[in-house]
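Below: a set of structures, written as structure tokens.
One chain, chain A, appears in both complexes that follow, with chain B as partner in the first and chain C in the second.
Let's turn to the complex of A and B:
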């Protein structure tokens, strides 16, 4: 049987090649410790990617995911620092992302603002609101009595770091949700063809809202892992390039931005490639900016090859699909 | 008044007197619907430029808000510095706009801006090249990045969002690396160039240089985008990529071109920025892509392509700049600016999205805008009433020609060989061959529905084509356009230069063609809706073949319909359908320019007028008046509510299904009336033509032509010879 060269396979092959290359060239690369470090390094990125993928499959995009993560977690930590019981603080943080998800979803589904734009504006709003109304400083420290919560970032199960376990759990949940539940299939349905899905009778709009709530919750979880791993939450990451990396991970693996295509596997493949790359270059002590260039060039190669192998057709391309 | 159809005795006289004298409330209604031009609202809504209303309003609001909050907002110094920034930012927004319009997106503008800034500073401060060399180099470098984007997205057809995201990161990393090496050298150097200083600090009059550049780009860009072939290609590709491809436009090259232009514009902007600030910071242009995108969308350029202009980009650029600068200068807590920008963005986009979505719904509700039209009480038509219009059954036994062959023969006409011509709604002219008219052929295909027709002196058939204009068909069947436009009325919102519904025509001996246009507000297929308005949307025009010019001669006609030259050849009779009257217009002679009533009050809606063999005129009444419709015409508010609240097929329309033919003379006497009371063969008549003792009947919604033997008519008379003179 002929194996079709999908973008996912191209990227996977690229990751394997790089992995093999690094394993041969770099002496310390192929050790159990380093492989765990490699995956651990991108586990938060992978989790965020899963949240983003749910939205992208439904023909949306969530540019506010990083702002949501930073502000909700920073607020939670801030409250805990000021003596609010941890459970209450966590619930409020959780409530915050759900509320923001609901607003974003409402704007996209009911007001019909293009998602790119709605989430861009919501990202600016969430960050600004958080900095102006909720937080007094850029970096919020982890409270001393966080206790069991610390395990999320620093714990180990059978020698495997907790973030990796959580990535695995999140992947499994996302996989089951997207593949086997009614809402999951609905997302594929309207991601592929919104009008057709509506006419068929799927409740498209509530699910669109749910998408953004899901990505908010995922962001909150990813934020907790990050914060516990480094003992603080720096809200300045909102202005960084993390959001581009998240999109990269999703799209690199072959989740189409036009919706309806891809799944958890694609996100994991994309995450793997980025992880291998970053880890290898870090071992080689490549400068950060050069790492960025290499990362981008690899991405470019992946999408060029995809475009050559699976050319888009003028007759079937969707209008306004950027 | 409802009783007018069956009046009796004294009540009748009283009712008629009351109906003839308008009451005071009626006068008020008439004044209200005459003086307030409701129809303008609908006409404005059909214009594309009205899309700019929401962004423009928003811009005014933003300026007013910050103008009041910041006391020195309008001071000269503050304005000048803001304007210089605007010049640079505006270029970037234009770059984003041109890419958006073609259906793409360019996220790399921020990085390319930084690259342009760096290149300019490197050349000026370190290498000390002349300013123009630096400019060319900057444009070349930035254009090259644009070309890379363009080749990848246009020719390799990668996804614009991802590709430009990648170039954003690569170019940014490149600039960062270069800065590490050259930053100190750049800071140390100081260029000695008056051109460079002028670009950064100079003004032309009171206007800063960068604003001059921006204005030139906005105006030039608008002309290019809306009035030139390359611009149309860009708009077409953005509007529908697939259709543009199928229409033969090179989509790939066009898309590639937009990214190159984007690169050049951003480079120019970076150059001006470098000249102004000479700062090579790592933060230059960070986040600029989001600001530019925000500005472009706020101005009304749509994400996904097809809608956009340089004016929209400029509006968006000013709005965003005022907001960002204003928030900074208000000195609010860190983060507050971002929050406000987010909220404003959501509000503005919400308004824009809802506007686009609901505009046509609103338009559908308000476009029909009825006016006051009071008709005198209709003349009697009952059988045995002694009225000249009294119903009879003379048309019951008309012969039928071409049953099922023709659809919609609005008018019929004969050439000198007795062949019969008529139009069909398929856009054909069909010829039925003499003597028995059982054989037919398609004489010519025009494309639009042929309505009124007339032969000119050289036996060319002059045809009014609905939706197209006035056309000429030569005897060999060759179709050529005579005119499809007339002089435009100043300050009229609807473009009335274009002919929408040319209806009937007649030709003066000197070759001038007088023709009618039913309505300027409705297209061919929705002409009955014009009756609900009864505003006087029709007009008469004259086309002069000697100068090839068209001029409007009579305006504000309640549906201009039939035209027929009178016996003096210096005036013509014309039918005003919803006005239920026939009038006479003198275009030459002692009474030149005067309009006289001939039949001031008809019982039905007047259609075509043609000459009869005995020197009188035939007039078709397409439908008969009815008291409810007459009453509704005096109640514009009622008709307006109807048009807004219920579906068009439930509206109260005048009867256009059953009418008659009448014969009248120039003094306005009715000589004869022909009806088909049974409604079997020919109840609906829009035109009739006398030929050799017979009257041939056409109807715009019929599938046949009727032929009626006129008792006592001259059996040799034919219209062509009678008008143009017999030939050997």
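Let's turn to the complex of A and C:
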């Protein structure tokens, strides 16, 4: 039996290789504590990756995911700080991401704006609107009475940090949704071939809208974890490279940007590779700028190897493939 | 005869003059000849403020104080907010140079990006005040922390806390900000100045967190995992080191790892000292810096020609705050700035 060298397997092999290498070279790398720290460090990235994957599989992309996360959670914390009951503040924050997801989905599905532009504009809008109308500070501190919420970012279950548990739960939910539910299969359907899906009778447009609502809700959950871990929400992350990292773990793991391909496992593999890299380099005290060089080199290697073993197929290649 | 004249005319006259003088003094006072020209000097002038970004304690504090003085003295004050974007900042600065305000107050994102533009602005006759983060180009005024001195202070505190036999080990970690920012480049120089004289202190990690609490938390968590006996951490900004402190707390080492950081001394600094997130916080006193900036603005507007060739450096007096210093009024809030 010949095992096909898919991108997922290549990246997984790279991650295992690196992991083994670090485990041999670095004395404290292969301890339970460090492995948990490693996964924990990338768990929010992984959760965001899952939300992004749902959209990418449906041949979309959500560039507004980080803005959605930062503004909705910052607004929630700000309201709670000003005396709004925590439950109400959380519901309003949740309502915010759902509303933004509906707008984005409407723009993509019904107005038929390409997702790249629709979400780019929505991301800028959400951030701008949030900073101008909802928030006066760019870092919102966690109010002291939000105690129970803190469990999401700092709690432990049987010694495993909560963010890892939540990543596992999110992965399971995403897996079940994509694999076994009708809406999940519909996403693969129109992600692979939109026209064919529509002719077959799948209700494509409502599901496209739902995709962006899902990624919004995922963003809100990831934001709550981030905020409770450091007791504040920093809206500046919208200007940072987080959105590229999210796309990186999705694409690196082998969820094709042309849609219809990949799943939860791909996202987890991509996340794992980045996690191992970051953790190992921090332990070795590699300089920050050098870390970026190494990260991009590994990405380039993964892409080059993939294009060598999986050459572009002229028959199935679609216009708009990235 | 003579005495009658004295008593009859001179004395009453003197008495009358004295009364008159008192009367005049009571009714009119005397005018300060410097007042009118001084106050008139501000009319029609413009001061522009180009921060890294608005929306956080330092820039909001300086901005509020500058605006307050502008309203009081009647000159125009405007803020150009590039929102952490260096390109947008450079563009705003270019735009400002063509608009020719009297003064630009600049908060540099790093030592290089605005260096040439600042030279150009001064050549165009605009006075430049740099705040807290210096550019490679020296300009008329610098108001802000002495970063090298601040780094030396922080290192000295850690050396004291982690001297052999005092802490769990002599291992320390450093969490820098953005590597190219003045606050990081100069501060690390100061830290090195001290640590080079203390070979017993071992730096196990020296990483940058880009002024971001989440990054600081992730780095610190890994470092603590590798070095459970870590003794101290030097953080480069309290806004980012809430993340460093969160990692320490999560490892259950609050109070056992000595964390010293620095910042503008806002309310959140006191809160974090009180709950043990920070062991010490060096304050560069934003209200004090605001007053220094305002004095610099006044001096330049009053006599631009005379101050043209000045090169003034106003280092802010620093103060190391610990839990013991947390008292009402020790840290500032936006409300307390004008009380």
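Here is the rule we use: the second predicted complex is superposed on the first by the 319 of 322 C-alpha atoms of A that agree within 3 Å, B and C clash if a C-alpha of one lies under 4 Å from a C-alpha of the other, contacts with A are read in each partner's own complex, and residues count from 1 in each chain.
Here is the rule we go by: a contact is a pair of C-beta atoms (placed from the backbone, for glycine too) under 8 Å apart; a residue touches a chain by one contact, two chains touch by 3 or more.
It should be emphasised that the depicted structure is a prediction, and the values quoted were computed from it without experimental measurement.
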Superposition-derived comparison: chain B or chain C, residues of chain A touched: B
Partner chain(s) touched by A:289 [first = chain B, second = chain C, both, neither]: both
First (chain B), second (chain C), both or neither touched by A:40: second
Which superposed partner A:206 touches (first chain B, second chain C, both, neither): neither
Touching partner for A:279 - first (chain B), second (chain C), both, neither: second
First (chain B), second (chain C), both or neither touched by A:239: both
Which of chain B and chain C A:129 touches, first, second, both or neither: first
First, second, both or neither for A:226, with chain B first and chain C second: second
Chain A positions touched by chain B in one structure and by chain C in the second: 131, 239, 287, 289
Contact footprint of chain C on chain A as seen in their complex: 28, 31, 33-34, 37-38, 40-41, 131, 135-139, 141, 154, 226, 229-232, 234-237, 239-240, 278-279, 282-283, 285, 287-289
Chain A partner contacts - residues on chain C that touch it in the complex: 53-56, 60, 83-85, 179, 204-208, 210-214, 216-219, 221-223, 225-226, 239, 242-243, 246, 249-250, 268
Contact set on chain B toward chain A in their complex: 103-105, 152, 156-163, 165-170, 172-174, 176-177, 240-242, 245-246, 251, 286-287, 290, 293-294, 297, 303-305, 332-343, 345-346, 349-350, 353-354, 357
Residue ranges of chain A touching chain B (in the complex, touch as defined): 107, 111-114, 116-118, 120-133, 239, 241, 244, 247-248, 251, 257, 287, 289-290, 292-293, 295-297, 299-300, 303-304, 307-308, 311-312, 314-315, 317, 319-322
